[in-house]
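In the two complexes below, chain A is the common chain; its partner is chain B in one and chain C in the other.
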Partner chain A sequence: MLDAKPSVKLVTKLVEVKDLKMYFPIHTGLFRRHTGDVKAVDGINFDIYQGETLGLVGESGCGKSTVGRALLRLYELTAGSVTIEGEDIATLEPEALRKKRPMMQMVFQDPQACLNPRMTVAQIVSEPLDEHTDWSADQKLAKVYELMDAVGLNRVFANRYPHAFSGGQRQRIGIARALALNPKFIVCDEPIAALDVSIQAQVVNLLEDLQEKLGLTYLFISHDLSMVRHIADRVAVMYLGRIAEISPREPLYADPLHPYAKALLSAVPDPDPSREATRQRIILKGDVPSPSNPPKGCNFCTRCPEVIPICREVKPELAEVRPGRFVACHLVPAQNNNAAGSTSGTTVQKHNQQGEPEQ
Partner chain B sequence: MPDGAKPVLDVRGLQTVFRTRGGDVHAVNSVSFHLEPGELLGVVGESGSGKSVTMMSLIGLLPMPPAEVREGEVLLGDMDILKISPAQLRDVRGRRIGFVFQDPMTSLNPVYNIGNQVMEPLRRHMGMNKAQAYTRAVELMELVGIPDPERRLKDYPHQFSGGMRQRVMIAIALACDPEVLIADEPTTALDVTIQAQIIELVKELRTKLGMAIVWITHDLGVIAGIADRVIVMYAGQVVEQAPVKELFANPQHPYTRALLKTIPSVTGERETRLKVIEGQPPILGAAPTACPFAPRCGHAFDRCGAENPIRRALGAGRVGYGHDVACHWDASKGAAHA
Partner chain C sequence: MTDTAPLAKPRSQWADVWVQFKTHKGALVGLFVFVSLVLFVSVGPLIWAKDPTFINPDGATMIRTRNKPPSLEWPLGTDQLGRDMLARMMKGGQVSIAVGLTAMVISITLGTFVGVIAGYFKRLDNVLMRVTDLFLALPLLPLLLVMAMLFRDPLSKAFGTEGGTFLLIVVAIGLTSWMQAARVVRGEVLALKEREFVLAARSIGTPSRRMILRHILPNVMSPIMVAATLGIANAIITESALSFLGLGFPPDFPTWGRLLFDGAEYIQQFPERVIWPGVAISLTVLSVNYIGDGLRDALDPRIRGR
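Moving on, here comes the complex of A and B:
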């Protein structure tokens, strides 16, 4: 049922991200001089379609949260544009931005940290209503109950404080609050990372149900590639502030094209001893370089098992190498003449052989 | 590993309670397991299931009070290490049992350089002089795959990445050539490609050095790839024990079965909907008188609420060897256990 969705869904672009850069300045010395930048997000492009879940994966520090926050303009962007429903939110004036806020919301990793411990569940969930509506207290309470029902929280808990809840329940409170203003787009930043395995599935199922019922669009940020395979329609793989590959879920997991995507997927442990025993693992050498001083050329060139000389000189652009699949790698060249998106299988085959030498 | 080879470590009936102002916490209830020479025993369970407290109890690292190890034996060879003096226990910890924790930053001292910390156990437990300890420290750093060891020994913990710090911890744990290595979620804080590096390293070291390993994790994928045998913990108890392939192919406890169904994988069949284990683990305020999984269990029947099931062997084997489960329901028959 869920599997059938992607093909029908990729019609309307809800979010368009162009050349997005988010740098954090580094100040050093007595005079706090600006001596460099943490290039947390360094020029990325992607779209999110209405009703889909775009997974955003990559290792810690690669810039996932920064992307999520920049999309909601919780930061002033260094460069680029983020167009949501036709408006570039990067340049919106404060009042216009305030009007836009209700439609885009965020669910955080640690519900504990963003739920005010002195407020009851009802107060937490209705806070956005206080800010953005002029409803009466009764109207707001009715909405709070409706939201609590929607996320599976018993109404009798409305007057309790967050500490009385388990991690999974707190995440439900955070989700209810994010839904209060009928958003269309929700950035879920590691929403299950702090939860136990047996609780993760509860929250993921809830997010899926809500998406179907309310027609939500998600950016689902996670370092858990197994869970992303479950929930996402398409997946963007980030490395050191840039996107290595964006592909629909099935081809990405079956046949990742970017060498980093390959290594990342091969490193995920598989809960099956017989498959584990035969799996070929690509073990990357060394650590991720610092985002304040990324390598010249391809940012993965210092660790890439397939590196060739050009990688250390020229930055590969993200290009559509197969229909719907975008890869930034010199070994996976864009196909020529595929403006219409139709490609011949033989060309694909040829590129594949060039791009993936025997290991 | 043949059944009945003399275990390196034999833990019997361990019970640990925390006495806190908010009441007692029965963190570990009658936990038994053994470790055979050279094997890797995986310990899997959700957070709070008692994995860490079990291991800390047996090597005397819990703060007492509030902790009380009320019952149990921990045989290291022929010696019950719950009964030895604190000085003897320190020696056992440094020399015979090495351990590695989730967050190396808390176990490394930020004000000493790495060289000092790798050499310390060598000087203290192995009676090496400074020059000998230094030579051995360089070897250990090479052993765990830290490039440029002589220079890195002069660095401080904060100059190492998470993965490199965990390598240092492994070097320290292995310094005195221990019989047993206890690794408590050693890769949980690491990124998956770095986790893969560490797992690869441990596999290599196992074949090279042959020590027995207890590897604690909440990640069934990690267990599947690294363990020979597994114990599953829930609410302070061992609910199932089996060789790794057997456990995944033929899980018996309703908790193990549900857990295996609830986790997605990157390679297997993709579920359109995740199976859910409703509810949450119990709060361990008292010694259990019922099956602790009963409130979440789809198979629970009256006996489950009245009596805490003890581990029973499947087939002819002994509990702790072969496959055993603590459950009143018999998964193979699909009915109550007679």
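Moving on, here comes the complex of A and C:
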């Protein structure tokens, strides 16, 4: 299956991120001079294909959420472009951006904080409709009920306020709001992180069902690796504002290529006790460097167990090392050109991803 | 729960607010007292039709009717010039309540506006807050005196003595008392702006104007309410101070503050003359305070229904 020709289903790129940079300026001193930047996202490239779920994982503070928010231009980008359906979000005029909003929506991490405590469920869910449609109140209400059905909320709740709901129900409200305008692309910013484990499964299943029914495309940001394995088609591993590896789910979990991906995935507990007992954890030493002062060369060079001199000098670019697998590491291409030796042309093609061939 | 009957439409929020307001006893009493006071000063003069500024032109009668204790003819007694205290209380209350409410509305509107704009738009924050500091640093009374000096005559010409003075006092008090509200509101807005529901609204494409009206303002209602209720008391007192200094209403024109100051000279012999306006001012302030308290609770859906 791996050497199948690129399947037709996945070829349309919905989102194309090129060299995305998001710096937050640091002002210090008496005159609040601009003395540096927190490089939350420092030049990343990836594509998201129509109908797929791209998982985005990494430890806290690595810039996952910033990527998600930058993609919807909730921040003004420092540099780079985000092309969604052929339009560059990063440079759109405010009014054009507003017109574009309905097709890209977001589900937030904290279901408590993302709902206005002074609005009823009906008001919250119909806010997007108020902004982007000129429907009558009855039409909006009908749509609100329809959305509540779709996310599994009882219609009777329409009149209640967010504080009266449990975390899982609130997250459903948030999802209903995101769905109101029939978006194509939804950024799920750790939608399950604040939920109880039993509720997490419900919400994830809901997201999957909706994806199937409505043909949605997700960017699923999470630090829960097993959950990402469950939901994502492809997974991007981030470290300190850069992408370490993007691979289809199964190959990544079976055989991570980037040393950071290896370390991260070795931390996933195994439900089978016998395998769990023999699980080899790679414990990284030291702390994550400050994003305001990332190391020269590879971001990971300060903690990498396999570091070689070139890592401290030259930033590795994200390159395709095996079909569909992109890794930013000096070690990986050298190893795999020989080992994989697959098709001739696939060695180092920068920023030219192929989707994972459908099984 | 199979096929249910068509659901009732979401109720209006104001119905809920009223239901909750009714459960707040203090607020109900406050509302009752305030309405009574308003009726007393507005309907009262129609029933008790004595002229509050009437001084008996006959000197001997005037002297005989001075400083009378409460009686059937003068239910609250008379003052040192033989004027009927009840009529003066009613007339004075009209002005005081009107000044208090109007000045409060001006100062709260201004304060909220400045606070929300400063908190929401980072660009304007510094400028607006420095202006606020400037106003806070100005010595209030001298400023009011200068304003009264400069604008009283032109305003009196344009709107008549009473109207002009009313306008002057209300605007002067409003312009010099919005700063506290602005600072409190700005702080709240700064905190609110970072909440995820504001981000969510931005991702929907809600423009700033509606963002402020829909998400920010309803959530800063509590501090605004508090500032508003305190503002009424302040305005009434400031008005009396101005009148006392001779820069507010003319000396023979009764307001509660004026009555208080006039009575203060005779507090040893006739303490009731201070007590009446004092009680009236306190009741107004207290009742408005309780109404504000009840309203604040009623507007908060998290408290509503408990």
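Keep in mind that, in the parts below, the second predicted complex is superposed on the first by the 325 of 359 C-alpha atoms of A that agree within 3 Å, B and C clash if a C-alpha of one lies under 4 Å from a C-alpha of the other, contacts with A are read in each partner's own complex, and residues count from 1 in each chain.
Going forward, a residue touches a chain if its C-beta (ideal position, glycine included) is under 8 Å from a C-beta of that chain, and two chains touch if they have at least 3 such contacts.
Just so we're clear, the structure is a prediction, and the values are computed from it rather than from any experiment.
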Fit or clash between chain C and chain B when superposed on chain A: fit
Vertex chain A, arms to chain B and chain C (CA centres, degrees, nearest 10): 80
Contacts of A:287 with chain B and chain C, given as first, second, both or neither: first
Partner chain(s) touched by A:161 [first = chain B, second = chain C, both, neither]: second
Partner chain(s) touched by A:264 [first = chain B, second = chain C, both, neither]: first
Touched partner set for A:229, first chain B, second chain C, both or neither: first
Closest Cα approach, chain C to chain B, once both complexes are overlaid on chain A (Å): 10
Chain B/chain C common contact set on chain A: none
Residue ranges of chain C touching chain A (in the complex, touch as defined): 1, 4, 7, 9-11, 13, 195-197, 199-207, 210, 214-215, 218-219, 299-302, 304
Touch list for chain B against partner chain A, complex: 46-47, 161, 163-164, 191-197, 199-200, 218-225, 244-245, 248, 258-260, 262-268, 270-278, 280-281
Residue ranges of chain A in contact with chain B within the complex: 1-3, 59-60, 166, 168, 196-202, 204-205, 208, 223, 225-227, 229-230, 253, 263-276, 279, 281, 283-284, 287
Footprint of chain C on chain A - complex, ascending: 69, 72, 74, 97-98, 101-102, 104-106, 108-110, 113-120, 122-123, 127-128, 131-132, 141, 145, 154-156, 158-159, 161, 163, 174, 177, 181
